[in-house]
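For clarity, chains are labelled A, B, C, D, E, F, G and H in written order, and residue numbers in each chain start from 1.
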Amino acid sequence: MRVFAELSYWQQTTLRSVGVLLAVLLPAGAFVQLFLFKLVSFMHNRLGPNEAGPKGSLQLLAEVGKSLQKEDIVPEKADRVLFKMAPYLVVASVLLVYAAVPFGPDAWFTNLDVGIFYILAVSSISVIGILIAGWASANKYSLLGGLRAAGQLIAYELPMVLAVVGVVIQAGTLNLQGIVGAQANGEIFGFGGLGNPFVLTQFIGLAVFMIAMQAELTQTPFDMPVAESELVAGYMTEYSGLRFLLFFIGEFASAGAFAAVAATLFLGGWYLPGLSLTADYMNVVGPLVLFGKMLVLGFIVFWVRFTFPRLREDQLQRFAWTVLIPISLLNILATATLKVVF
Amino acid sequence: MLLNQFLLLAAVLFSIGVYGVLARRNGVLVLMSIELILNAVNINLVAFGAYHGTVSGQVFALFVIAVAAAEVGVGLAIVLLLYRNRQSIAVDEVSSMKG
Amino acid sequence: MSEFLRSYLTVGVFFGVGVAILYSVLALGGLLRPTRPQPQKYIAYESGVDPVGFGWSQSQIRYYIFALLFVMFDVEAVFIFPWATRLEYYDVFGLVEMVIFIVVLALGLVYAWRKNVLRWI
Amino acid sequence: MGLVESGKVPKPLTSLLSTSRKFSLWMYQWGLACCAIEMAAAFMPRYDVMRLGVIPLPASPRQSDLLCVSGTLTDKMAPPLRRLYEQMPDPKYVISMGSCANCGGPYWDSYSVTKGCDQIVPVDIYVPGCPPRPETLLEAIVLLQEMIQNEDMGERWRGDPIVLR
Amino acid sequence: MSSADAPAPEATAVEPEAEPTDDIRSGLLATLELELGEAIVESHLKPGIGLWVRVTTEAWNDAAVAARDKLGCTFFDFLSGIDWMPSPFGRYEVADIDTEVSLAEKVAAARAADRISGYAGGDTRFQVFARVVNVTAHHDVVLKCDVPEDTLTVPTWSRTYAGSNWHEREACEMFGIRFDGHPDLRKLYLPGEFEGHPLRKDFPLLSRVVKPWPGIVDVEPMPGEVAADGDAAEEEVDG
Amino acid sequence: MPKPQLPHVPGQGLAKGVSVTMGEMVRTMFPNKGLKKLIPSPAKGAVTVQYPREKEAPTPRARGVIALKEENCTACMLCGRSCPDWCIYIEGHKELAPPRREGGKPRQVNKLDRFDIDYSLCMYCGICVEVCPFDALFWSPEYEYSEPRIADLLHDKARLGEWMETVPDFEPYEAGSEAKVKKVPR
Amino acid sequence: MTLTQRDELRAYAHHATDARVNVELETEGMTLNIGPQHPATHGTLRIVAKLDGEQVIAAEPITGYMHRGYEKLVEVRTWPQINTLVNRIDWVGSFSNEVPFILACEQLMEIEAPPRARAIRTILFELARIANLVLFAGDMALQLGAQTAAMYAFRDREYVLNLLESASGGRFHPNFDRIGGLKDDLPKGWIDDTRAALVKIREFCDEMDLLVTGNEIFEARTRGVGIIPADVALSYGLSGANLRASGIDWDLRRDGGISGLAYDDVDWKVWTHPDGDCFARYWVRLQEIREAAHITEQLLDKLPAGPIMAKVPRIVKVPAGEAYVETENPLGAMGFYVISAGDLGPFRVKIRTPSFNNISVASWVMRGVYVPDIVTILASLYFILGDIDR
Amino acid sequence: MILAAEEALVAQNIFFGLIAAGTIFGALRVVTTKNVVHAALWLVLVLAGVGANFLLVGAEFTGVTQVLVYIGAIVVLFLFGTMLTRSPIGRDEDVDNPAWYLGLIVAVPLLALLSYAVWDQWGDDHIDSLTPAAAQTTADVSDSIFSTYLVAFEAIGFLLTAALIGAIVLARKE
């Protein structure tokens, strides 16, 4: 974008920072408001918040405003510094993920050469935040919840990483823009009219990725770590007010982040067949397209969350190690073989 | 940038690591100190790689990271074993494990 | 400064901006929120009874084994990714190499499986 | 000392803050007996308190704003109630639901029942009934929301933490 | 078998189909008598309704074993105690408030008063009773035994019926009856600092003592009406 | 015994589950028929009664609050005495009322001074209503009387009298019944 | 399920029960308090569990947080007052609490309710059962994490509550049963409403089958977990669906020989399940909802006309004597052992509540299970706190 | 705006200074803090600093790997290990050797020696990372692994598996 290019580095950076912060908060807010409050309520055959503002649209603001006024409690036995730090770590990890997601031909924050690799790397930081939160609270539910959560996150991070490999093999690059381009220009068995969103060829990868994503977000059926009916709120048990809100935002923002990544990797990112891959208008349309795809994926997350019972800790570990990881390894080998053969 | 910057940083890290290995009693902390040393080595490797304009430094650093992972895994397992048998992870008591 | 360094710099800047905003929101909350200490407010929550025993305790070694497995496969992923980008050039040779690598690591997984450490107890 | 305690927050802002408090009441469900089921029924599709912004999510007192004591409070249960009430972060509100919670109800003469939860925690709204039908609870919540909208934040922030009326 | 001072009208017509049931119950009693012999103090059989057997304190657990093994009553229904002392306080209503007698005096008076006892009789103030059921043949028996006044101890059932563990804890808490051989007789219901045994008749309900009965305010009853505590004019009402 | 099971496809139970919730969501969002089907109107599809704006009507028998028809009450105390919670407080005095018929003797009647029901204690059992021999107490289905002060839950006879307006007529009985429908004195 | 599978399950359970603790590392045990105020204990039960990592070494339920002194209170109340008080024992199926008490009194007074009253009693009894078990089905799913099922359960339960309310005036505590009959007859249109509600309940059962029963995750969480063998169940005095889920065919509605209810007039079936695990308990209860709907429908079809009250003195005095009547309540066998001295109120009443026995088995079952299974087991044993502590 | 070469150099040096200071401070805290969990978190700082250093010299892939493996995995392993061996909140007085000064005696001279050697040997040689590191892309790393270091690569596979098996054997009590 020409207008954009004339700005100084710092101006660009600030502009993009604001843009990406929007991109973090918007999906998080949208997910909470739209899915958690509304669609899920409809699933339950009820209405959900509708008194705050027209049709309940200001509910979210009320939540934030309330959190601002809530007392901030640090338990006396807790490790004060770490207790306060943990939510930052979790949210920071999400922020860092968003930094690398492309929203349009020029609408990106950074365009890293190792984009997807970088995303996988920084998304694993949140494990530390969760472990620290559980440990620093000096509370049994928290500790148990933190350990369970961390155990689960690492167990499902692997399938997620491995599911991505298939896409990387097909695209031949780690760069997310490159992956979007590869999907836009790709063709399946010679038919390239619609490009090749990798969901078509990598549907196993997508399935594994979505399952792993569900687990990474600790949503039912993988929400044992925060299982209300035994561990109260897991590692978040002792958090109150704004710090809890940070975790809360973190949870939904990372739902957005993972949805964005999945959309980019498997659904063609900000590109839609029939649109231009390079034109300027895509910098406006692209984010919307991506957002739409994120909503679809996000909806699936919440849909599943409110439908299924949860797996037991040992069952979900077993599922990760004995089902998902072998499947994704096989997927890699199959994809690689096909790639080499064709 | 000077190559020296990196080498000196590595030297400092290395020395701190050595100090940690010697001064720490807690097995986990000793392992962490070893990580410091390995990181110092990695800095050197990468810096030299860049200095010479080859990619070997990086590759070696990757290998070191992999080895470090293996090392930590086994090391912590030993510490756990130690803890299991002695209810303490003070490394200077390891000698008493013999026999 | 190289292009790629700048892109990482922007990551840093972004990180800084994000954390700063979060921090300022918390500070704003600090201005608004009350602090009213009550005798039992800062006791750890344990369903309303006195916390019994140590608030934390060592727990299952399983967690460790799973973490270990994770580390191993994470390292594997580090090598797979560059290979995946270049597979077209390595062709069959690369495929075979990687199959060997994966199989060797999978052996570890199978070993763990057989040793029943994937049972989470 | 925050701004609110010192009374330095301008009026429009306070009313904004009050509105947000009013519409975001995370309810800590202190379900004790039969009334608990009616309280739960109030969360469920037919009555759906979530419409009013009362969110029944928190399982931990640390994240809750509103404590709903519904049911028979026994002497054995009273100390935990006090503790969990105190563990809630301020500002916090209490609804006492049902005759038992109000003053012992059918068990007013029992040797093991506390005659009213207001002996233990300060109560903002008393809901009559045995059990009150869910809509009565809704009415109480609407009442409470009005109260929150009009309350003096400074006083609630500042005052003695336990205000027994 | 003997029927004690049971005031139940004996003359009630036994339903024709109740006859066979009666046979079953007498059979049960015969089996128990064979098994326990002298240990059976008294028994009461209500045709078509139930069987009550009182055994000696020492044979309390043997009775359980016999019922379980010989009668097939493997299902443990409940175990509890009774305090046969007449209540000193009534229902804390008019009459009680009028008198100037202190609580303690009332209790003393009640202690001195005659005790009643239920089916299968009883010699002591406290009794323990339990019911076990045969779930395949669908018969049941209520076992009772006296609790010696001095020790207030009876043998435990918790080794015979695992379920009686909690019931015995409850009885211990409520009546102060100890169960010999019970693994742990901690309080089940009440907070640790609670004193007294609530189900004993001489345990007063303080709220009722403190609060005046609202019905005491005297307004003359309308002619033809009945006072709440009055002797019932057997006025019949229908549907 | 469990039902005979069809061959099991892995994930089939999960699929059924999500289809149920999805179906419920669609039904809630699009309850309309015909062409209007495409207009989402969840307010219609959901079973929710939106409390302050719409209220559900409890059945006529619902035990919401007790209303007192003061004229009928003779302060006979029956209700107060049979109340399990001792939460009815009655005070009365005797009074000479004008004779019912011309030239008759003045009657002695009980006059009600105080009739309070403590709704914070009442267990809504209905015994008082049942025992009242003079049809002075009635159930009203009204339920909205929460109070911020517990003392306000003690309703005096004026307040109890006000509830009288909300007392519904008795319903007719189901077929086969031999009970007679009573009348609410107005 | 085949026999071998069942044996496997049983073997697994035994293995789990005898599980010794942690081979890997002698961890010092961690004591976890679940409750008294905790979502898992739906009410105020407290579980103190000694943990080893994720495994429970010993778990003990601590009760008494809901102890209200029923047995003492009834001694100072009159017969009609007790009727309304006992409503609140098992508060989700309140009407069913009144029935055994009233029947015991009737037995002592030697009167019988007229046929219409008996039929309506039975209908309301079954509706209370539906209200109770529907809640169970939803709650069980909720405890396992499926929130939607709980929503549907509460939604459809409302229909039943409306019926109870329109008949008795109370959504929860009907206080409708009287010695010798019922308080009032049914209002017009009630039968049709009931039929309509039963349709909803059937739909609910089908929905639960789709949403929960067949769900692989649900099965994984419940099958083979918390197995209670029949002999243990009997010696602990488990009753109701818990006992039937252990394969014992015993239902007081059929086997109790109770004359005050109309079960013998209709055609129905007692469901049992051989497994004795959490799934079996859930499954049996789900079938019982359907069965209850079936019973109710038949009774509605042949509701006899006539009075609903026998001749009973206005001031009730129960003759001296002892009577024990036990009925098959939604939670299990509930009985009232009434000792009357011929007064306005009873001399002593021993209330045998099903949950008290049902939950006393908990520490036996929970040895060696995983922490999350505590929740599953508690949910499947299904207790109401008031029913435990009285 | 592209920074002029010198300016960029200055900027880079400033960043290096910041990063190095952070790294060294973190490292010092790692070896001095009394709390194991805190030590692990300080280690995160060190690792992040080292990763940033990698980026500074243009080793992008290694830098990200540092985050992925070290911070995302090894630190987690450390934390698990710590929590398994019971680490209380607050200061733990038992983490240091009684003879900790020995470490100082060795480390300080070592540092002096190393610094001298480094300074002596490489004086003011420059790393030319201003020109985009032509030979440092992921693809090059990959090519290098799959050609020159192929054997090493496979060996790493075996090493990892061996370590895994060893650790399992160690951690399990048969």
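Simple rule for what comes next: a contact is a pair of C-beta atoms (placed from the backbone, for glycine too) under 8 Å apart; a residue touches a chain by one contact, two chains touch by 3 or more.
Predicted model, so just to flag it, every value in this text is computed and none were measured.
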Inset, instruction - Treat each pair of touching chains as one step and give the shortest count from chain B to chain H. - result: 1
Inset, instruction - Per the contact rule at the top, check every chain pair and give me the one with the most C-beta pairs in contact. - result: B-H
Legend entry - Averaged-CA centre spacing for the pair chain D and chain B, given as whole angstrom: 55
Legend entry - Geometric centre distance via CA averages, chain H-chain F, whole Å: 73
Legend entry - Centre distance in Å when chain A and chain F are each reduced to the mean of their C-alpha atoms: 50
Inset, instruction - Could you please state the distance in Å, as a whole number, between where the Cα atoms of chain C are centred and where those of chain G are centred? - result: 45
Inset, instruction - Could you tell me which residues belong to chain A and also touch two or more other chains? - result: 9, 41, 43-47, 50, 67-73, 77-78, 112-114, 117, 120, 135, 138, 140-141, 143-144, 147, 150, 154, 157, 174, 228, 232, 237-238, 241, 306-308, 313-314
Legend entry - Multi-chain contact sites of chain F, meaning residues that touch two or more partners: 14, 17, 20-21, 24, 46-48, 50, 58, 62, 82, 84, 86-87, 123-125, 178-179
Legend entry - Per-residue overlap in chain B, given as positions that touch at least 2 other chains: 62, 65-66, 69-70, 72-73, 76-77, 80, 83-84
Legend entry - Contacting residues of chain G [partner chain A, same complex]: 30, 32-34, 38-40, 54, 141-148, 151-152, 155, 211-212, 215, 217-218, 220-221, 370-375
Legend entry - Residues of chain F touching chain D in the complex: 46-52, 55-56, 58, 62, 64-65, 84-87, 119-125, 143-150, 153
Legend entry - In the complex, chain D residues that touch chain G: 29-34, 36-38, 40-41, 43-46, 59, 72, 74, 76-77, 80-81, 84, 106-107, 109-113, 130-131, 133
Legend entry - chain E partner contacts - residues on chain G that touch it in the complex: 63-64, 67, 69, 71-73, 75-78, 107-108, 110, 181, 185, 231-232, 234-239, 243, 248, 250, 255, 257, 307-309, 311-315, 317, 319-324, 326, 333, 335, 337, 339, 341-342, 344-345, 347-348, 350, 352, 356-357, 360-361, 364, 389
Legend entry - Touching residues on chain C, where the partner in the complex is chain A: 4, 6-8, 10-11, 13-15, 17-19, 21-22, 25-26, 28-30, 32-36, 41-47, 51, 55-57, 59, 62-63, 66-67, 69-70, 73-74, 77, 80-81, 84-88, 91-92, 94-95, 98-99, 102, 106, 109, 112-113, 118-121
